[in-house]
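The structure appears below as structure tokens.
Just so it is clear, A, B, C and D label the chains in written order, and each chain counts residues from 1 on its own.
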Amino acid sequence: MDYFLELFLGGLTRGSIYALIALGYTMVYGIIQLINFAHGEIYMIGAFVGLIVAGICTIYGFSGISVLILAAIAAIIWASAYGYTLEKIAYRPLRGAPRLSPLISAIGMSIFLQNYVLLAQTSDFLPFPNLIPDFEFMEPVAYFIGSPELVILVTTFVTMILLTLLIKKTKVGKAMRATQQDMSMARLVGINVDRIISLTFVIGSALAAIGGVLVASYIGQVNFYIGFLAGVKAFTAAVLGGIGSIPGAVLGGLVLGWTESFAAGYVSSDYEDVFAFGLLVLILILRPAGILGKARKQKV
Amino acid sequence: MAEKHKLLEVKGLTMDFGGLRAVDSVSLEVHEGEIAALIGPNGAGKTTFFNCVTGIYNPTKGDILLHPKGLPTRRLNGLKPNKVTEMGLARTFQNIRLFSDMTVLENVMIGRHCRTSAGIFRSIIRDKGVRKEEQEIVETSYQLLKKVGLAESANEFAKNLPYGAQRRLEIARAMATEPFLLLLDEPAAGMNPQETGDLDQLICKISEEEQIAILLIEHDMKLVMNISNPIYVMEYGKKIAEGSPQQIKDHPKVIEAYLGEETDA
Amino acid sequence: MKKITVLLTSVVLSFGLATAGFAADTIKLGVAGPHSGDLAPYGIPAMRAAQLVVKKINAAGGVLGKQVELLIQDDQCKPEMATNAATKLVTDGADVVLGHICSGATKAALGIYKDAKIPVMSPSATNPPLTQSGDYPNFFRTIASDDMQARLAINFTINDLGKKKIAVLHDKGDYGKGFAEFAKQFIEDSGKAEVVLFEGVTPGAMDYSSIIQKVRRENADALIWGGYHPEASKIVSQMKRKRMKAVFVSDDGVKDDSFLKVAGEAAEGAYMTGPRDLSKNELNKAAYEEFKAEYGTDPGAFYQEGYSAALALLNAIEQAGGTDYDKVVEALHTKYVETPVGDIKFDSKGDAEGVGFSVYVVENGAFKELK
Amino acid sequence: MMKDFKQSILVSIWFVFLTFPLMAVRVNTTEQVVEWRWMSMVWVAIATFSLSYAWRYLLARKQAKKNEEDISHGKLQLLMEDMGFRYKAMGLLLLLALIFPLVFDTYQNTIMISALIYVVLGLGLNISVGLAGLLDLGYVAFFAVGAYSYALLNHHFGIGFWSILPVGGIFGCLFGVILGFPILRLRGDYLAIVTLGFGMIIKVVLENWSDFTFGPSGIANIDKPGLFGMDMNIDSSTTYIYYIMIALVVFTILITNRLKNSRIGRAWIALREDEIACVAMGIDMARTKLSAYALGAFWAGMVGVLFAAKTTFINPASFTFMESAIILSIVVLGGMGSILGVILGAFILILLPEYLRAFSEYRMLAFGAAMVLMMIFRPQGIISNIRTKYEYKKLTEETEHG
């Protein structure tokens, strides 16, 4: 039973990170029906900016959780800026183009950003300073859940509550939901659709940046390539849960996290990825709209 | 005059989307040689009805029966759209769906797909039969373009055609599948009176010369009144009236539905 | 149209450049390895080593009175690019080749050199079959093969540390999985310990917590890792976090300063094998100083091995009195040469005699050689 | 004028801000050093300032072109549409291709073989992506299937190259059908992610299933293609493979061209344009998609065999997502659906980096940027699809008279 619980918690931690990144995919897809392939790269850029800030701080002798918060804030600012610019350059000129065009543009952007960071920084793995202290009160349970896991779980939980509030309660959130329902209608009632789309990218990128910094401080290293696999997995999570649906992204992230964790724990980690993608294919065949997604009838 | 052959018979068709009932037990018949019409205000469920008949949606309840002449009756429920088309039922779309990066001629040639047979291997070898079939496709398609008055623009991209011409191209493309029943979804939408008049004539011509029965959805009552009989009226997913143009004109519910809409607009 | 013309001209020009430039009578030393791309850090030190050796030898009058010319080719560690690079070297008339770096690339290229009768010496390709299969009589290396590393690691784990239940993990890569498979085989052969877990993990995955839990569930008292340092750091960090007592034993791919920095405290007490510490070797010291003087930094991976290979190859030509293939190979097998990795010659299969591994332990944030 | 200037200034300020942490600072947390690179900020400012002018100019031009409608044919395009010129050009190219190995050395031949391999891969992917509009991000999986079928059959049973060449293609095709069957119901973007997943699964299987695939250490000593049992040295066997490759390319071009201009080819294009209209016109969507997917896979499988024979060694590392991305950019840059464009695309993308080795670090960066820019400014690619002209007037007259 202990073993099960350990795997469950491991999957929960991993899944909550997937969920954070998946939210960005799902929100963007909900509004402009585009797989923002470069989203994983935004996550990586977030982690890298966090590393740079945290690195400078530790080199100049600062440390502790306040540095982590500072790094996270910087990561959010820059990742959002990248997300915003990404949309403006690579997707906005392609609105109304055939569906394949923005998708290819997104893949191109993903390759570009990866190599941009590779060239501007380094191909090596850089250590991320250990900024999360071992909390005293965690000591009795450190056996299966450590302080970093706790920080990840609490942060993602709080972030998701804030996001839900933003979408459900504020005017901006209403405008976002309206745009998601029907873009031309939203435009008619005076919503600045372009701004809402930009905002969606900014919010999605900020979430990815939080995920990036959390993961970086959890596993303690960053390089230019971490965005690819994380992005693919998070997108898988978004599709699993039902792309376009916010609770779906969270659920999808957790389901994927648990699948991988249990598969590795009870079967074999050799085929971890095979399980993840196998699950995706299975879900898409049985329930093409995902677990929580609504079948969206195309208007004929 | 003897009883005309019944081509399409829809009985109690119902379509739900989640909790919303878009079409509520609608029945309808189209006979040989008829130009039937389905009218109603916006959002009455006409297009949904069409989509059910042509296989794009699978209806929740009801029967869609096709009685091709000289062949056994077929139930269309749940059949894939391409099977429905193969059976002899072709359609156009309300918001034009042409293959915009293909030429006008190629658009019509696509319609010939289900009436021709060259597979992958024969397409590679390109034997005599295939070459002949290709010729036949081009030939027939060109004739159809002539019929709808688009022969001149055969080599233009479909997306570059003027609006009215695009509508006519859709009709030509549908006719290339050799249907015995043609479903037209708001063919006159967005046309000026001159173009609408031409379209009137085209539809009548198709009906007479090609022996194709027609079921059309129309929003504009005037067009329908001139050429169709019988007329079915839908509102809020339900059929509220059916009959000849005269009967429809005087039907109190129809007047109500349309007057109500008139004040809305 | 204009753009196309420019393009064509540049293509034609580069053809011209590529084919031109056969110099006078020199000895041509080919150098192939990853000089760009993500694996470049493993290839560039050996390339620089060759450059330094050649510079020094040429300044001293060359080999047999001839100047040595370097032919450098990038293979990015990709098999298909390695064959291109090899063909290029053969075409350009290389007499001997220093390379390649990655085992896969080496394997792909060796056939080409074999057909062209060119001796090849790798400073880093540790895959055992390269020499043991006997397929490549023209292949030599200045580094010990993976099975030697694995044997040493296992002997140490079982005999010196006395561990009984061993979990073996690897990164599914050529190097890591090869090491892990040998480790597994040696454990089973020894009869003194058992393999309780043998699995691969996905490099770049977010975390390895499930697999670490699994290692604990199996009550393993030692974890053998076949692979490189980024994953190793994640694994030791998570082991520490889970308060695990199992010892961590790994290979040369982990003996890297990044491992110490990334894993930090968690790295303490980890064991790994690595080439014998040569800091007392005079030639090695000199080679190190040369590099430091030229580039101002530490040399990086496979520098000594590259330096040694360049020396060994050129020495063999000197001994053989020419570049004749059979004579050069003969000289490599029979004549000892002093290099930064020791006084070496090559056995009948092409492995260097006198090159060995040691076990290191991480102590106070540094690697310490044990024996 | 002033407005433009102001805007460009704003753009460059924004980019200086944006790139600041990644371009101006380099923290090496291993060595505990911070490196400040202020000069790079100046470069970013200058570059983005001028690029923003170019960007606006190009966008405006694109807009203007849209209004003018369809006069977008450049000179090159018109030239290519002239049948007479095309035949002459093709003849000349073929001649050049045939004498190439006589003029250039083995190294040049090897490079050219690589490029030709990518030509076939590009043409294969062009069927599913360019013609049928099915974005396949795991295309390299079929390439791997072909390469491994030859490597394994050759290793275990010593079967020769020529017998496996068609078998590899058929295996690729079979895999296409098996993988395609469950997933082709999916809409475009789902398809992309699932194919990406398949690409990764194949690699994982190749790495893990050691008993069958020899795992990550790969398979060595694969036989080169034989010619009546002749013993060939490296030069002549490279030349031989080169000619095999030329023949394969010509074969591919012939067949894909025929398919493109057939009933099936038209159905693919229609499917790309509008799925719903396509099925409403009586085209069986699943079957049409499957045929495009499987035929695309066929070429990858076939050329995979040749790849294995050429390198004589394969391991899973050659079949990564990046390979799929490169093949995709060949198709996109060359011109989706255009055979000529794809060929040109392959040559540019493979040969250029090979000859400009000094810039090879920037290769992927340039690929990525080019994919984005192409989609925005020239979605039809370098050479857009050449339209088939159908002869109908004469026929019509004949039937009317006869």
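Heads up, the rule we're going with is that a residue touches a chain if its C-beta (ideal position, glycine included) is under 8 Å from a C-beta of that chain, and two chains touch if they have at least 3 such contacts.
Owing to the predicted nature of the structure, the values given are computational and were not obtained by experimental measurement.
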Number of steps on the shortest touching-chain route linking chain C and chain D: 1
Contact pairs, highest-scoring chain pair: A-D
Centre-of-Cα separation between chain D and chain B, whole angstrom: 40
Centre-to-centre distance between chain C and chain A (centres being mean Cα positions), rounded to whole Å: 37
Length of the line joining the C-alpha centres of chain A and chain B, rounded to whole Å: 46
Mean-CA-position distance for chain D and chain A (Å): 30
Multi-partner residues of chain B (at least 2 other chains): 56, 93, 97
Residues within chain A bordering two or more other chains: 124, 127, 228, 270, 273, 300
Interface hub residues of chain C, defined as touching at least two other chains: 172, 200, 202, 258, 261-262
For the chain A and chain C complex, residues of the former touching the latter: 3, 6-7, 10-11, 13-14, 17, 118, 123-125, 127, 130, 142-144, 146, 148, 215, 218-221, 223, 225-226, 228-230, 233, 260-262, 264-265, 268-270, 272-273
Touching residues on chain C, where the partner in the complex is chain D: 1, 4, 7, 10-11, 14-15, 18-19, 36-37, 74, 76-80, 83-84, 87-88, 90-92, 103-104, 107-108, 111-112, 115-116, 127, 129, 135, 172-174, 177-178, 181, 200, 202, 257-258, 261-262
Contact set on chain B toward chain D in their complex: 54, 56, 80-82, 85-86, 90-91, 93, 97-103, 105-106, 109-111, 113-116, 118-120, 123-124, 126, 130, 133-135, 137-139, 141-143, 154-155, 157, 160, 173-174, 176-177
Footprint of chain B on chain D - complex, ascending: 69-70, 255, 258-259, 262-267, 269-270, 273-274, 276-285, 291, 295, 387, 389-392, 395-396, 399
Residues on chain D engaged by chain A in the complex (per definition of touch): 14-15, 17-19, 21-23, 25-30, 32-34, 40, 59, 129, 133, 135, 137, 182-183, 185-190, 192-194, 196-198, 200-201, 204-205, 208, 276, 321, 325, 328-329, 332, 336, 361-362, 364-365, 367-372, 374-376, 379
